[in-house]
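Each of the next two complexes has subunit A plus one more chain, namely subunit B in the first and subunit C in the second.
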Partner chain A sequence: MKAQPNATIIDYGRGNLFSIERAVRHAGGKAEITDDPARIASADRLILPGVGAFGEGISKLKEKGIDEAIYQFVQTARPFFGICLGMQLIFNESHEFGLHQGLGLIKGKVIRFQDPRKEGPHFKIPHIEWSKIEFPESIKASNIADSSPWQGTILQGLNSGSYFYFVHSFICVPDDIESALAESTYGEDRFCSVVHKDNIWGCQFHPERSGSNGFSIYQNFLFNL
Partner chain B sequence: MLFGKTLDRQLEKRPQEIIFCKKCVVSNQRPRIILDENGVCSACNYAYEKHHVIDWDEREKMLLELLARHRSKDGNYDCIVPGSGGKDSGYVSHQLKYKYGMHPLTITWAPFEYTDIGWQNYLSWKDSGFDNLLCFPNGILHRKLSRLAFELLGDAWEPFAYGQKAYAFQIAARFKIPLLFYGESGEIEYGGSIKNKERPFENPDDWKELYYKGSGIDDLIQHGLEAGVFTKDEIKNNPLQLYRPPDSEELVKIGAEMHWFSFYKKFVPQENYYYCVENTGFQANPEHSEGTYSKYASLDDKQDGFHFYLAYIKFGIARATSDAAHEIRDGHLTRDEGIALVRRYDGAFPNRHFKWFLNYLNITEEEFWEVINLYRTISPHVWRNVGGEWKLRHNVWGGGVDD
Partner chain C sequence: MPNIRVIPRLDIKGPNLVKGIHLEGLRVLGKPWDFAYKYYQDGADELIYIDAVASLYGRNNLLDIVRKTAAEIFVPLTVGGGVRSLEDIRQLLRAGADKVAINTAAIHHPELIRESAREFGSQCIVVSIQAKRIEKDYLAFTDNARENSGKDVYDWTKKVVELGAGEILLTSIDREGTGQGYDLELIQKVAEAVPVPVIAHGGCGKPEHLKEVIQKGKADAICAASVFHYHYLEHEIDPSQYSDEGNIEFMRKRRGSLTFMTDRIVPMGIKDIKKILLESGIECRDDGVS
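Then we have the complex of A and B:
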């Protein structure tokens, strides 16, 4: 029996905390939900969930001093995981209803999907459905042949083309293309759906709503990073 | 017999050692089922998740999001519900229309021949407020395909299965309705492949893989031509198009996606039955179906009994096993009760429609038993001939000749 790993889920009034808590438990971990900056800074593993608008999200984090606790936490090199809005918040800035500064843990910005084209299939925004995640186009095919670029990452064990459940209107654009671990396509946009830099991970979709593929992500987060 | 051989490749994959699930009554002979290290089958493991792990409120939210994406504002059909008017399609279509405000077009791929109760239930279903398209394929060709499938695949019912899925896609493409709803994934709930365990849908990408690669119907036609069952004239100009899905490009163009309702709403067959008695005029059979104790499942086709009987010959488990296993998983029966029911009913011969079946396939009783014995003899790990009588080597209550 492996020791049961702990995951701390940040409660800042934004997000489906209980589905995430359930998913962590189901994957074999212990989950704690808290808004206490001290507990957040000293967590073993940290999850930043999030549903809703960027501006409100960032001001809630600041209001409670959680932003400072997150900065302290990421210094420890322990794994940090942002989900959906939680992923967007770790970028520098967002253009959602005005310009907002993010946590800036990863360089880049958050922009709206392009308007769907008038001709051809109609892609509604928000993007609410199951979509594939794929190896980034920047990775050369020859590198993929040897071993999966997702080996040893939060996506370990998954195949390019695996489906996940998305609900969002904005997409993340990292400055450094190498920080995109996976990409997805919706409408005319190819966007970064999983981001990675050092101990920081983020995904645009909801792994806790994505069945067994999502389950693998929680297991990797708990046991393999 | 015309050929004296089988084309059923899944028979080669049966494990030679027969093992029964520790929680229910199914065995490892069921195609694609997996027993885990504790001896528990994949369907039981899924049932545990269904009743204890899955957050059904969350799943319903996902259903609402899906429906919002497709719901029509002008009353045009916005989803297709294929079904027979039985408890499952009745439940799915009624919920979609009356609870979720959708505009379903229900469609039915007809059974080989309706039973009285099946026809009554079909009529009651559309009478509870649904537009329905009922499709009967060409009767001559359908019978011939069924005859070929009986011998070559050990299941005369197979041509129904081709059309059941393909017809739904045909209608989706022709009416340009991208969303299709099936009830439950039999693979998951009854045991089988768990590849799509928690993915609620298939799209044209999957269909390419699943249905376009070496279609079973082409094998049947080829063999039918060789044996003179079909004439060249009979099958020219694509008369079997409804058995084949439309061009996958067309499905991509309309953005077709097929979802299982059982992913979004907890699906319990017995509860669907009560729901349909209440809402779609569904009636159970006055007498139990042959080979099982149940009165509310799979009762609209005179061929059903033979589909299950052939499974009994090939796998040593039949309809009562399937029904009892599902009800054990849903907590309606204990395992001991399930075993008693299997012991009493499983594998009983479907006498009620035997004459009809022989007549439908245009075969004699001798030919029927030749085919049965063909499938018994290629299943030596399932059956043993003891003094001229075929007996199961192993059964769930440990009463087989080799137990």
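Then we have the complex of A and C:
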């Protein structure tokens, strides 16, 4: 039996930590929830969860000195995973209720969906839905034919077109197109739903609420990165 | 069109799953956990648990059932019934709920919506609206359809969205448990009036009801109970294990005073419903179904 890997979940008063904790355990890992910067900086693997508004999220992180602990952690090259608001917070800036500076671990910004209601009243905000994640359009079909672009990543083993559960009103726009590991579509918006740079990973959806597809992500995060 | 979510609703009384008509005359069907797990395996996109009597008697004993569910079921779980305070919400979220549904307390104390949305985020605040047609108007009822609040459903819906509701669970009391079809007029008017998703509930009995509530009613998600529960009872139950539950045999054989009703309700599993939606050109999640 493999040793149980540890995942540290950051508690900054935003979001349902318990469902993430349960998902980590179900995927075969040990989970620790903490707001202690020292433990965050020295984690084996770090998860930044979160729901709610960007501005409040970032100020909670700063209030507790967690931002500095995250900067220290990512220097170690150990895996970091931001989920939903936790993904948005790692970008440079957000335009949610004014302009807010983010952690800046990935270059880019967070903007509101374009008006997705052009096609009628059916596309509502927030985007609350099971949506597909797909290979980014920038990846050439010829490259996909050889091997999955998700091989060796947090999405290893999943097919383009796999469904995940989303709840959000804002979307991430990375400056570097190659940071987008997966894209999704809602209304007229095609947006980056999984981001990756070095040891930093983020997803806009909730893998802990996405059934067996979600477990693949937690298992990859725990065992394969 | 968005991807439509298919959401079984489980009404719970004490330790049991129950089902009534017009939210009353509850019968015991079995243990909620058994049904919930099967629905999850079959590809339910979310689940809704409602404590059917919590508002009436001021108690909330759902927490144990929520804990057990959250340990094994990894799709969003909404829990309602007797949610009165931020502390109630905190306890439910801690037990494993992703969202809470609030009805009675929101009517009596609308600020609860604003306070809870600020504290926990709009995405976890579902306002449940139970609508009953009185002459030309739809009025919002509380306490499981027993008390008329006097509030007009459309005005109330707009108000709760302003206050921060993230979703609306819209129940037609007149149709609930009857299998006569969703109240399309009600649902369309509300769904088109608000910018947040509307979950249609009450009246689902046949495949065509699903299509019409999405295409004509403009629902963002469909919620049903009887069609799923009857399907489960027909396919999954070993009656010998339920000898003391009383109602199971009765439901299985579709006898007794509910005959009029079961004639109107075609048992459908989650997979059946998704197939029907896809065949009608309505998008929904069709993977992850084990």
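The rule is simple: the second predicted complex is superposed on the first by the 220 of 225 C-alpha atoms of A that agree within 3 Å, B and C clash if a C-alpha of one lies under 4 Å from a C-alpha of the other, contacts with A are read in each partner's own complex, and residues count from 1 in each chain.
Just so it is clear, a contact is a pair of C-beta atoms (placed from the backbone, for glycine too) under 8 Å apart; a residue touches a chain by one contact, two chains touch by 3 or more.
All values reported here derive from a predicted model rather than from experimental measurement.
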item	value
Superposition on subunit A - do subunit B and subunit C clash or fit	clash
Touching partner for A:Tyr186 - first (subunit B), second (subunit C), both, neither	second
Touched subunit A residues, subunit B compared with subunit C	C
First (subunit B), second (subunit C), both or neither touched by A:Asn220	neither
Touched partner set for A:Val51, first subunit B, second subunit C, both or neither	second
Subunit B versus subunit C as contact partner of A:Gly211, first or second or both or neither	both
Partner chain(s) touched by A:Glu129 [first = subunit B, second = subunit C, both, neither]	both
Subunit B versus subunit C as contact partner of A:Arg22, first or second or both or neither	both
Of the stretches 27-35, 135-143 or 189-197 belonging to subunit B, the one that collides with subunit C	189-197
Set intersection of subunit A contacts, subunit C complex versus subunit B complex	16, 18-19, 22, 26, 121, 124, 128-130, 163, 165, 167, 208-213, 215
Of all residues in subunit B, those that touch subunit A in their complex	53, 55, 58, 62, 65-66, 68-69, 197-201, 253, 255
Of subunit C, residues touching subunit A in the complex	1-3, 5, 40, 45, 70-71, 74-76, 93-94, 96, 98, 120-124, 166-167, 191-192, 195-197, 218, 220, 284-288, 290
For the subunit A and subunit B complex, residues of the former touching the latter	16, 18-19, 22, 26, 121, 124, 128-130, 163, 165, 167, 208-213, 215
Contact footprint of subunit C on subunit A as seen in their complex	14-16, 18-19, 22-23, 26, 51-53, 121-126, 128-131, 161-163, 165, 167, 186-187, 206, 208-215
